[in-house]
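Look at the two complexes coming up: chain A is in both, with chain B in one and chain C in the other.
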Partner chain A sequence: MTLASIIFALLGVVAVSGAVVTVFARDVSRMAMGLGAFLLAVAGFFVYWGATFLGVVQLFVYIGGVLVLMIFAIMLVHRSPDGSPLLETRHDVAALAVAGGLFFMVVMALRGVVPDSVNQGIESGPAELTEAFLGPMLTHFEMGGVLLLAVLVSVVVILGGDDR
Partner chain B sequence: MSGLAWGAFYGLAAGLVIAVAALIGVWGERKVSARIQMRIGPQELGPFGLLQTLADTVKLVLKEDITPRAADVRIFRIAPLIVFAPIAMSLAVIPYAAGFAPLDTSVGVLFFMAVPAISVIGVLLAGWASRNTYATIGGLRAAAQMISYELPRTLSVLPFVLLAGSMRPLDIMDEWRWWWIPLTLIAFVVYFISSVAEVNRGPFDLPEAESELVAGYFADYSGIRWAIFMMAEYGGLVAASLFGAAFFFGGYLGLPGALGVIVLIAKATLIATAMMWVKWTYPRMRPDQLMGTAWKVLTPMALVQLVIVGAVIPWL
Partner chain C sequence: MSLLVITVGLFSLGLYGVLTRRDLVAILASIEVMLGSATLLLVGLAAAGTPVGAHEGAVEATGVMVIVLAAAEAAVGLALVISVARRFKTTRVDELAEVKG
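Take a look at the complex of A and B:
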């Protein structure tokens, strides 16, 4: 068992524990912490696979941005004074079924694509990413941009729909 | 195993550097503020009162570590560490000497901007876990402020990425030329102001405004955990000064070894002193002024600087 595989296993444990805490915690602040641990482990996975740039962007955008905004929103909503469960309805069985199905689909789709759990030692830094995005991946990159624009427009339409 | 051992050693060293920097920083701040207010400052313990902060540290370590009964105990206890650890990590990518940065990575500049963003979560959780209105408001203010100022701060260092064509700090230091100082003057102003706001220091210390929020998100902390928050603040100040000295003023200026490190630290000390000077000169801002400065003044300034650098590059 090499050091790399130990780190990989540790990241896996953190990711899974974070995900479990996110789903099963009864207190929203604990959920946020679980989600933070999960996102941090994902950033760790990116760095582990040599995608340092992606790992740092994951930190910046998801932990420094999205998660902070989520906690911000949680802090602004009502909290029960005795710390009792804040969620009144749950669909644990249905959620488990969906998660299980999705996991199966992802595993089937990625089988053969992901190499075994050993770092290949390839670093894809900003220069390589730029070359890829402005070269062979240009269409995909632009499509991503168009998709995000469509999402933004739909949000504007949904939120401002009644505002005549 | 050498990588892990080196990482552990570095972690220990970073903690120690921040602790010593906080000791000296608190003493320096007391002396600077005393000068500004025509006082003498600490003078009883040791020469020039140098041992005063050491005595205060002993007091803080020995003080009872109180956890409020209503607090969310686990999160309350872990929050100071979530604030402190990312600040210590950010010190890793600073180019201290010719060819030496503890963590030499191709995304060093982004790393320096991204990793301290994690500490915002610690601040929010500290405010939330205290179950105290003042602390919660302080936490919310801190999060809004830190997220807003991250944008101009990140934009302000982009001119160097453009000029050097790399995000690796050591590459930028290799490419560094003296005329970058006048060229990136606007960027430095933006970086300086947003760094002061990023570490929640006056006149941007709204999250801990003592006259309205007691001490904001760390109002309920005492003893060593309170000291960790203070260390994180001074650690942020040190990191911002070192990074600013390296990029905006050429860091070690091509000098070899220890001489270069001394020059870097001297420049960083000047920047840190200027930050203290600002804190003790200007009154605290209003929340709307604070947000307005970030979005309506600093962000456009940083963008103008980017345009200027972009226009200069083809002529180089």
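Take a look at the complex of A and C:
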């Protein structure tokens, strides 16, 4: 067993454990911690595969932004006076059938496309990313900016609606 | 194969969470798991040597776009959650009967 496969397995274990805690935890703070572990493992995968810039963006935007935003939302809306768990799950069997069926179908459909080993790594870096965004993907870049502006306006409209 | 099983497994786990969770914040967290696993598969495919995109840097650019989309989704979603919590005093989807079909 090589060091690379050990790192891959460790990151996989952290990602799967974090996702399991996110989906099954009955306590909101544990759910947030699980999501943090999952996102951290995803950033670790990116760095491990050579997409260092993407890993840093993942760390800044997801863990520094989205997760903190989610914790703020949890603090704002979850006020349980008796401290009882607020998260519940229902319809387990049907949901399990749907999720399991999707897993089976996608794995069967893609098993010939996805290679067995991930050992090549990504060679492109921030310079290639900039060239892509200012060249062939300029429209995507601009659309991303417009989307973020629309999101900013939408959030102000949604949360300011009660004052009118 | 391990990459495929891990990423699709994580996506299915997120889908299971979306279908079974009864809290809006927990549903959003499950959606984040789904988005993260999809990005993971995309970058993993590129790292494995599969051509993704027509030019160099396309994979990282697409990854950044997915992260931007996820951030936008989380911002609007959490704003809606706070708005719903203010109006209905709950974030449990089974108690939000006004939009029930």
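In this text, the second predicted complex is superposed on the first by the 95 of 164 C-alpha atoms of A that agree within 3 Å, B and C clash if a C-alpha of one lies under 4 Å from a C-alpha of the other, contacts with A are read in each partner's own complex, and residues count from 1 in each chain.
Please note the rule applied: contacts are C-beta pairs under 8 Å (C-beta built on N, C-alpha and C of every residue); 3 or more make two chains touch, one makes a residue touch a chain.
None of these values were measured; they are calculated from a predicted model.
Contact with both chain B and chain C is seen for A:Gly65 once the two complexes are overlaid on the shared chain.
When the two complexes are overlaid on their common chain A, residue A:Leu3 makes contact with chain B while staying clear of chain C.
Put simply, more of the residues of chain A are touched by C, taking chain B and chain C as the two choices. Applying the stated contact rule after C-alpha superposition, one finds that A:Met33 touches chain B and leaves chain C untouched. In the superposed pair of complexes, A:Glu131 makes contact with chain C only, with no contact to chain B.
Once both structures are placed on chain A, chain A residues 32, 53, 57, 65, 69, 72, 74, 76, 125, 127 are touched by chain B and, in the other complex, by chain C.
Against chain A, the residues of chain C that register as touching in their complex are 1-6, 8-17, 19-23, 25-26, 28-30, 32-33, 36-37, 39-41, 43-50, 54-61, 63-65, 67-72, 74-76, 78-83, 85-87, 91-92, 94.
Of all the residues in chain A, the ones that touch chain B in their complex are 3, 27, 29-30, 32-33, 36, 40, 52-53, 56-57, 59-60, 63-65, 67-69, 71-72, 74-76, 83, 123, 125-127. The touching residues of chain B, when paired with chain A in their complex, are 1, 3-4, 72, 75, 105-107, 110-111, 113-115, 117-118, 120-121, 124-125, 127-129, 136, 139-140, 143-144, 147, 150, 167.
Listed in rising order, the residues of chain A touching chain C in the complex are 8, 12, 15-16, 19-20, 22-23, 28, 31-32, 35, 38-39, 42, 45-46, 49-51, 53-54, 57-58, 61-62, 65-66, 69-70, 72-74, 76-78, 86-92, 94-96, 98-100, 102-103, 106-107, 110-111, 113-122, 124-125, 127-133, 135-137, 140, 144, 147-148, 151, 154-155, 158-159, 161-162.
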